[in-house]
Amino acid sequence: MTITQSKIRRDARPWASSGPVVTLISFAGFVAVWFLAAYIADSKLLPGPVEVVEFTIDEAVNGPLLSELGITLWRVAAAFVIAMAIGSVIGIAMGESVVLNRWLDSWLIVLLNLPALVIIILAYVWFGLTEAAAIGAVALNKIPNVIVTLREGARSLDPGLDEMARAYRMPAMERLKHVILPQLQPYIAAASRTGLSLIWKIVLVVELLGRSNGVGFQLHLNFQLFNVTAILGYTIAFVAVMLAIEFFLVQPFERYTTRWRNRPV
Amino acid sequence: MTITQSKIRRDARPWASSGPVVTLISFAGFVAVWFLAAYIADSKLLPGPVEVVEFTIDEAVNGPLLSELGITLWRVAAAFVIAMAIGSVIGIAMGESVVLNRWLDSWLIVLLNLPALVIIILAYVWFGLTEAAAIGAVALNKIPNVIVTLREGARSLDPGLDEMARAYRMPAMERLKHVILPQLQPYIAAASRTGLSLIWKIVLVVELLGRSNGVGFQLHLNFQLFNVTAILGYTIAFVAVMLAIEFFLVQPFERYTTRWRNRPV
Amino acid sequence: AQDDEVSVGVLKFGTVSWLLDTIQHYKLDEKAGVKLDMLPLASNQATAVGLQGGSVDIIATDWLWVSRERAGGSDFTFSPFTTALGAIMVPPDSPIQTLGDLKGKTLGIAGGPLDKSWLLIVAYAKRTANIDLRTETRQVFGAPPLLSEKAIQGELDAVLNYWPYAARLEAKGFKDLIGLEDVVEELGAKGEVSMVGFVFSEDWAEDNPKAIKGFLEAAAEANELLATSDEAWERLRPMMKAEDQATFEALRRRYREGIPERTTAQNEADAKVLYRFLRELGGERLVGPSEQLAPGTFWIGKGS
Amino acid sequence: MNVTRPVGETGRFEIDIAEKTYTGANGVPVPVIRDFRLQIKPESMTVLMGPSGCGKTTFLRILAGLDHNFDGSIEMPEETRIGFMFQEPRLLPWRKVRRNIELVADEAFTEEDLLILADALNIADKLDVYPGELSLGLARRAALARAFATRPNLLLLDEPFVSLDEPTADRLRRLLLEVWEARPTTAVLVTHNPREAVMLADELVLLSPRPTHVLETVPVDVPQNERTPAMIEEIYSDLLKRYPENFAA
Amino acid sequence: MNVTRPVGETGRFEIDIAEKTYTGANGVPVPVIRDFRLQIKPESMTVLMGPSGCGKTTFLRILAGLDHNFDGSIEMPEETRIGFMFQEPRLLPWRKVRRNIELVADEAFTEEDLLILADALNIADKLDVYPGELSLGLARRAALARAFATRPNLLLLDEPFVSLDEPTADRLRRLLLEVWEARPTTAVLVTHNPREAVMLADELVLLSPRPTHVLETVPVDVPQNERTPAMIEEIYSDLLKRYPENFAA
């Protein structure tokens, strides 16, 4: 005989699952692991968090960190917006139209697998060492990824809702806004998150190959000097920005757009 | 007064939408564009398709292309399998458990935004200039992307089907196989496609920084020599492999797993 | 009159940038009637891309690259900047005394299997020690800083690296197994050969005679200053990123030793000799289709 | 062939579907409709009845212009404004019930109209929740509200009153008649409930099993609001006698 | 408290739900069940009736152990094998109908059993298609087949016979009785169709509007297979008299 006895757990959230607390503890854990690893390694190849943060602060106050970071962020943002806009449109179109997909599929795969290096070199050689070439090259690297992700999303759209929208003669823009985009939300979220990080990684390469500033430029300089502290210092400055964007922008927005699921995100 | 007169179009596929034909034409178009661009540019920085293919064939017959390609493909495959396996497990777990997600979220974002360069350098420094370090570093670069994509997938699982599986007391493995994975299919497809290409791009960097063979090594060598023909030659060899995998492996598999949608892919 | 502008793409913190910084600081460019515009970049490839794409007028690279490009139809040309070259460095307590001892050892090589220093050393070892380093050692190719680090960690028995990296290793007690100066001499050069120089388009130089002349003059003058003045070096110290005095001194010494003393014609003659070896060992991949050093590789400009 | 008419006036419906065949995922053709001929009078209420799986939903989809892949012709008034209550609610899960209705509502449909409608359907307290928080019966009522809110000329209802308790269902049937009478609306309704059919139909269309066609068209001549329960039972038992295989348990 | 019993034998069901409250996405608590007390006799057929949206589905979910977030207790035999036909079909769209059934079927359930069951439900020709190619009525029958194929001790049916034409529905009601009698099964069924309820119930449970509780438990003492249509009509009109607000249109 089984007896189920339940009590509604109202606001009985244990500390181990309450949002900000966990995030803080988890983050502290990360720092602690790093600290320990650095302590045990005791090598200049693995500087500890204190040393790195000191470098970051010093470089921010006395060095070029802030301006370099600003420049890199601007490039990331510009390339991100371009890539998401173009990639989403093409991706959704390819997901919805089998014929279009057939036409563009092989181009897509070629573009997807062109090494970043090749695109960047060709862009620089043809368009000069300019900001536009740099941002364009980065966007071009990311666009096929966005297309691939959103194409999958468009393919798995609910045909029932599509019929509903057509029966009610919803105008195209309304349909996009209320029927299609909400269904694509998880795909857009995935493409954005992986996109931001991919773009930033490519921006680093772009900066390495033909810009005179930016975090990538600094990273590479410091790599040549094998200054791991500086490499990590610049890295965590960027990662800190990304963490801030994630926790103060992306996640609240995500909670808002998925509140209908009535499940915490 | 509106009159709708329809005829069932049975097998009346116009040539413009029939699978292989379109793919071939579209691919031919790609080659034609390339050919024209090269012809107009008339620069050794943009060699035409004939020249590049000649190089590829020559390098395959007389040069190291095949063995280098083999080595790179092996690295790509190994890193891909590792990244997909680990990334899927963690991603699904994070999507299903809010608490786990809170615990790992900040680690994930840090890892996601660590530049490939940093991970690769640290891997080489700590684990030596070895094959394991190289593959591990590549996998580590890709894992957070897989996690992010599959987490979104797990979050948008249908709660109705989950209830069904629980009501019928389906064993965990059955549930995974018949309920969860089919729903994650589009996310897995997106993660795989973008994953293969990302991994290959990172393998190039890894090979560039600390391996003595592979396509990336060759690319870098030829980049130093500014031999664009060779760069493109190696690139298209890899892209050709990817196209073959896509059209003869991935797409048939995809058609098989999504045949229930009864829509062409 | 308005000074002619010359834009130079350089590796930031690279040795060329020391020179350019000296020029700018002492206003040597103005003195020579040009205005120097420095575009700092993060990699050598970036500078080459910049030159090809027309974003900069002058970069620093080697004459082999120039010869290959010329053979491919471009009109780049070369003017010597330094004779300093890479060196094989071994750890302080290493048992390796001669090239022969490298047999069976692990050797890190910056720049890959077609690196010119590496090929010259291979040729040298064949002649003097009768060993083929390419088959009788295990080679690891990789990024220069990574290889240096690996040598310090002890994972590599020896490392052939670019001279600034070699200098830094020297400051850590590493020993020069063989200097490239000896190598080129053995191979038939009449003196130290300038491998790295300023590279620019012949067309551009002819259209801007004043600019190129002024730039080279300013460069020579700055080298003069760096060869003699310690004070000028003190000023450069922050850019050099030398972690200690020993490194600083090693870098300074090697830089000074590398200042070319011979004429362009002498350099060119020796380059022709070395070209043969490089062609033999590196093949067309390395040197391009030309049987010999492409004519015009060394710039004999008006006034030079 | 396009004759413009004053908006709101409905015209003749001439349906002649020679053949509608689906192709299954396994490639097997499934003929669903064959030689289906039907005229629908403008502003009438047509009720379709037929065995489960015969092709009723398929027919409604063709009528709504959602499926053009058939052999035959449909003639109907232009500028038809459609209200379609599907067999499943098909609400947008990410929009509150209120938005689901407003998104497709007629332009002249005011907040007040919405509240009156919601009240009549007994979903007034659910307007500001998401569809995922509704019971199936509530969701179906929300879908019905959406179909009404478009103020359609052509109202297609696929089993609108299932999953509802009898008192609620009955109230909604009356509401349907009100909505239908208030404006010139042609309604086509699918049901399996014979009493419901008799209560609502101007014309009762009996369909054959798959591939479906019209077996019989039974007009019910008494105006809807004059039909008493007794009269309905009477017509029903008459039908039961005439078409035992369609109605008998 | 866990007493092991021979498999297959069902035990007592003691349900006492003091409170079940959902929290909406907007944070508003929605009390759905309050002071719900019910005993279910083993191997009986209990039919629940209540207004749409009162909490019937919520109750079934709690009974099936799908929702533990309530205040109260449920006592039931251990090792209960559940067959649950949800209000929507909830078939796996990527598995053919056959696989959908086999995946949860009893181990002793053979291909032959499957064919017999499919025949009885009239879905034999749909076993090898995907659920997306079924009409709603067909999909519901497939879901019913799945629930039966588990050979459950506890069979939960949430409006199993809606969206079906009367002849089919009636055949399925008889099939349900067969399945239920063949093995010791406790069945709980939700319906809005009073005649269906009277035809099937051992015990008819009338529920109040939300937050729901048991208004009345009406036993029907004649064994199901002895109930004639006339008898059913009689009991129904009796109920109609006693609980007009629950049954009257």
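We just call them A, B, C, D and E in the order they show up, numbering each chain from 1.
Please note the rule applied: a contact is a pair of C-beta atoms (placed from the backbone, for glycine too) under 8 Å apart; a residue touches a chain by one contact, two chains touch by 3 or more.
All figures in this text were calculated on a predicted structure; none of them were measured in a lab.
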{"item": "Both-way neighbours, i.e. chains that touch subunit D and touch subunit C", "value": "A, B"}
{"item": "Centroid distance [mean C-alpha coordinates] between subunit E and subunit D, Å", "value": "28"}
{"item": "Subunit A and subunit D: spacing of chain centres that average the CA atoms, whole Å", "value": "47"}
{"item": "Interface hub residues of subunit C, defined as touching at least two other chains", "value": "45, 52, 143, 146, 149"}
{"item": "Per-residue multi-chain contacts in subunit D, two or more chains", "value": "24-25, 65, 88, 130, 132-133"}
{"item": "Touching two or more other chains - residues of subunit A", "value": "45, 121, 125-126, 216, 220, 223, 260-262"}
{"item": "Pairs of chains in contact (touch as defined earlier), listed by label", "value": "A-B, A-C, A-D, A-E, B-C, B-D, B-E, D-E"}
{"item": "Residues on subunit E engaged by subunit B in the complex (per definition of touch)", "value": "61, 64-66, 81-84, 86, 88, 90, 92-95, 99, 103-104, 130, 132-133, 146, 150, 156"}
{"item": "Subunit C contact footprint on subunit B (complex, rising order)", "value": "44-45, 121, 124-125, 128-129, 208-212, 217, 220-221, 223-227"}
{"item": "Subunit D - residues contacting subunit E, complex", "value": "22, 24-26, 30, 49-53, 56-57, 87-88, 128-130, 132-138, 141, 159, 162-170, 192, 194, 229, 245-249"}
{"item": "Subunit B residues within the subunit D interface of the complex", "value": "1-9, 259-262"}
{"item": "Residues on subunit C engaged by subunit A in the complex (per definition of touch)", "value": "12-13, 39-43, 45-46, 49-50, 52-56, 143-146, 148-149, 241"}
